[in-house]
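The data blocks that follow each hold one structure.
In the two complexes below, chain A is the common chain; its partner is chain B in one and chain C in the other.
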Partner chain A sequence: MSAIIVAKDVGRWYGEVVGLSDLSVSIEGGVTGLVGPNGAGKSTFMKLLVGEIRPSRGALTVLGETPFANLRLYRRIGFCPQQDALYDHMRGREFVAALVRLYGFSAKESNRLAIRALERVHLEDAMERKVGEYSKGMRQRTRLAQAIAHGPELLVVDEPLSGLDPVARHETLELFKELGEAGTHVLLSSHVLHEVQSLTQEIVLIHRGRLLAQGSVGDVRRLLSRHPRRVRLTVREPRRLAEAFLRFDHVGAIRFHDDDGLDVETRDVETFFKDLPALATELGVGIKSLESPDADLEAIFDYLVG
Partner chain B sequence: MKATTHTEIYRPFEGTLSTRSFRFLTIAWSGIRLASKKKLPLLVMLGPPAMAAIIFSFIVYASYALQKGEVPGIDAGQAQMVLALAGKNTEVAEQIVSFLTFPLVRGFVLLTVAWFGAGMIAEDRRLGAHLLYFSRPITRLDYLLGKFLATAWFGCLALLVPAIAINTIAAFSSPDWSYVKDQWDVILKTVAFSAAWIAIITALVLAVSSLVERKTLALAAVFGLVFLTEAVSNVLFQLTHESRYRLLSLFRNTDRLADWAFARKTSYDWAPEASLCAVSMLFASTLFVLWWRLRRMEEVA
Partner chain C sequence: MIELLRATWLLFRMQLTMVMRSRRMLLAILLAAIPPVIALIVATFAPGDVKPGEILASISFWLNLQVIVPILALVAGSAVVTEEIENRTITYLFTRPIPRPALLFGRLLATLVLVWLLLGSSAIAIALAAAQRTGELPDGLALRVFAANIVGGTVYTILFATIGVFLRHPMIVGLGYTFAFEMAIANVPGGSQSLTIQYHLRSILVDATETCWQSAEILNIDSFSSPGEALGTLAVVAIVTLVVGALGIARRQYVLTA
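After this line comes the complex of A and B, so read on.
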């Protein structure tokens, strides 16, 4: 699969403030999560992708074209910004249709596409109401509707899940899944890591305007093999099991918690999980529960940013 | 159909994509529709200029009727009143220029343009709506032209349309279309002067709008700017008795230009070129501010 987004040494400054710093990344099609804490440069990167701003340095291509001031490319991209960006006095349908018209569709066609997009985000019952009367979630879905109405090849969505209630959140994630399955490339940013993880395994981690890691969550995790991974066990006899763990070279630290809890840090998690059942049976310590709390994105992120 | 890879399905655009290059018209139309949603401000802003236009139209009509000696439904006393209203001057051009520079009309034109234009860029910046525009196939110039036309539209409703209405009354009332035949230049000058005045205040309002993030702030800034320069101009003139200070006043300059354009006797003692220069500088400055702010929008986005 060829890359749809290629950034090479892309930097962007706002005066003396660094938005992005020498970011080099290549993103392939499909659904990709852009992850990073607030102020990491996610929004700046997205604005660069959709041509809102131009890079201060470096080269960037989206769908094979340079984005800034590229009107032809704008037809192929849908952008849903983080900002509210809605006119309260307009009806939802009017608002979306007015924006769709800017792509060059006729008034009738724009209206049809706007209605279809609003139905897709489950706003069909509210589309004739004024946007000012919408809840935060409905406003977010209206923004999504304007981004998908013209059937873009690439959908760039900045923090799409913020402000949504759990039901709307689930529906929005389902919509992204549908779009991805239908062939639309989706790049969505979030600092709510588990939500990105529930949608896609492909992530790009950025921090302080730099690329931190890229790939599937598993790949990224494997890249981090030098970092110890924590495994939390609940056992009947934690001290006996801890004594046995100390014989393993890959175990770096052991910590007790509560009466029966044991946290083990290992540098070779695969070997650890391979050896654990036999060890537990041999000692008869009775493992009640086992989890790896730092296997999710949040932990990876914590590791990476220190 | 489900894709096994995401590049297998290309989703072509549906419908008809227009290739027309006047996309700013879509923005302008959308801006006009949005601003027209509230009917009360429209009524309040456009009412007084409309009433002034009716009065001036009546004067023009009565002037021609008096010339022809046909004043249906008006007795001699009322005819005298009409002449008194006309300032003892029944020249149509005089009436039109009086309408164009009538303080109430001028004030309401400024108010109308400021009211509808103050939020055009400021609110977009506050809401982040410009992000939606700029990720679509329009240029920043399209955006600016769209906002400019939407704002100027309301200025036209307040000034140009009434002025054209007065000219139309004059054309129909004049004997044997003499107004159109002999004074056609007045019609052209009316349109040109109105358009220029609307363009200047529209650019001023939009420039201020691009500098702030609230409509109310922009409104206050526009009126502050216009009336502060007016006040400073008057005070300096009163203190020094030097008429060059009156060039600071937008209203004085437009009065001077109106006198010059319509070949009317002027009460100002400076050359029209000086006023033309002052107004051009103001216009150029506003355009520069607009262009600079639009370019900077990418940084504040």
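After this line comes the complex of A and C, so read on.
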């Protein structure tokens, strides 16, 4: 499959602030996840892809075209922005139909496409209500409907799952799967790796405006598993458990806190969590709580960046 | 070109309700109501020798054209592009296959329709209020007030909409322009008056041969150009400003804040 998005040394600054810095990436078709912590540059990259803004430097092509103000390209892409902004005075159907009309469809056809798109995002019962009355999740789905209504070749979706309840989240992921199976290329951004993971194997990791890793989820997970992870436990007998941990090669440092707290740093978190239940049972130390405070993406990215 | 006209028409229809329902329009309605109310008060309480033509001429010249028309146009015109940016909905329009100037033209047209409606009604209401006095209005005066209002509303709205294409806070610049430049220069005797939109609007409004203008204490009343000449100059100003705005919006990048 050939690349649908090619970025070469793309940089984008907002005055003194760096949005993207020398990003070079080539994205094949299909469903791809753009993953990175908040402020990584995902939204900037997406705005560049849909031609809302221009790169400060470097070259970018989407479906073989330069995006900024490219009307030919706009017919082929759909964009669901992150910002919760809609024309609140309009009804859901009117809103989507009005935007579809701008693709050159007749009023009747636009209306038909709008209804179909709203049905696909499960808003058929609410489409005659004013958008201003919608819940956050419904507004998110309306934004998605306007992006898919005209049947784009490439769908660019910025944080599509934020604000959705678990059912809507599942339905939205299913929709992306369907679109992907039907041949639509989907690029979606998220700061939550496992959300993207449930949808696609192909991910692009960016952080602080730079490409960090690209490839299958398996490749990236292997990379991440080597990240030294801190695990915080509360146990009845912390000293006995700490003594047992010292036998493990992957355990680097152990710190005590309060009377029953234990911070353990491990270089192999998967093995750690595999062995922990048996060890706790064997010693009878009674684990009261367990958490991994630096398991979030920001910490992992910081580790990868070094 | 056909694509631009089609998109302009679609956006005009799409945005008309939005423009109508905006808070700025409420303010515009209040502004438009001020001159007729003042005209009614003056017509009711002025001394007996004051003629209706004098009331209409003075209020139109000193209050309506100099203050209300530019401020109302500023309130409405500065929102043409900035409202889409502030609401962060500009993304939907800029990622559609429509020429970018259609956004400016479509929303501007929707705004102009409302500006015309407000300033046109205001002009008629001032004339009706002044006509409460005994005596007749001079021939054509009400029509000239109406025309000056509509032309003034149009040119100023285009100007402030174009400023909004380039600046994030067009209201501040617009206020500065209205008070520091237009009002000041237009009232300083000499040739520099012709640099202002106000001067050309006054040229449409004033007929120096009528007695009502002679008693309105207007400086250099004989220096105004002919209405035809003034209309031509203002048309050029409006078209050039519109072209600059269209070129600007085609190239500008708008960074939306979270």
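Quick note on the criterion: the second predicted complex is superposed on the first by the 221 of 306 C-alpha atoms of A that agree within 3 Å, B and C clash if a C-alpha of one lies under 4 Å from a C-alpha of the other, contacts with A are read in each partner's own complex, and residues count from 1 in each chain.
Going forward, a residue touches a chain if its C-beta (ideal position, glycine included) is under 8 Å from a C-beta of that chain, and two chains touch if they have at least 3 such contacts.
Since we're looking at a predicted model, the values are computed, not measured.
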Task: Clash or fit, chain B versus chain C on superposed chain A - done: clash
TODO: Look at A:A182 in the shared chain and tell me whether it touches chain B only, chain C only, both, or neither; answer first, second, both or neither.
DONE: first
- [ ] With the two complexes superposed on chain A, say which partner A:D219 touches: chain B (first), chain C (second), both, or neither.
- [x] neither
Open item on the list: Under the stated touch criterion, which partner chain does A:D22 make contact with: chain B (first), chain C (second), both, or neither?
Closed with: neither
- [ ] Examine A:A85 and indicate which partner it touches, taking first as chain B and second as chain C; both and neither are also allowed.
- [x] both
TODO: Determine, under the contact definition given at the top, whether A:E171 touches first (chain B), second (chain C), both, or neither.
DONE: neither
Open item on the list: Output check: A:S2 vs chain B and chain C. Expected answer is one of first, second, both, neither. What do you get?
Closed with: first
Task: Overlapping segment of chain B (options 63-71, 99-107 or 171-179) - the one that collides with chain C in the superposed model - done: 99-107
Task: Shared contact residues on chain A - chain B and chain C - done: 14, 50-54, 69, 71-72, 74-75, 77, 79, 81, 83, 85-87, 89-90, 98-99, 101-104, 146
TODO: Flag every residue of chain C that touches chain A in the complex, lowest number first.
DONE: 6-7, 10-11, 14, 17-18, 21, 87-89, 91-100, 250, 253-256, 258
Task: Touch list for chain B against partner chain A, complex - done: 2-3, 5-20, 23, 26-27, 30, 33-34, 37-38, 123, 127-129, 131-139, 298-299, 301
Task: Complex interface listing, chain A residues touching chain B - done: 1-2, 14-15, 29-31, 47, 50-54, 69, 71-72, 74-75, 77, 79, 81-87, 89-90, 94, 98-99, 101-106, 109, 112-113, 146, 150-151, 153, 180-185
Open item on the list: Per the contact definition, I'd like the list of chain A residues that touch chain C in the complex.
Closed with: 14, 50-54, 68-69, 71-72, 74-75, 77, 79, 81, 83, 85-87, 89-90, 98-99, 101-104, 146
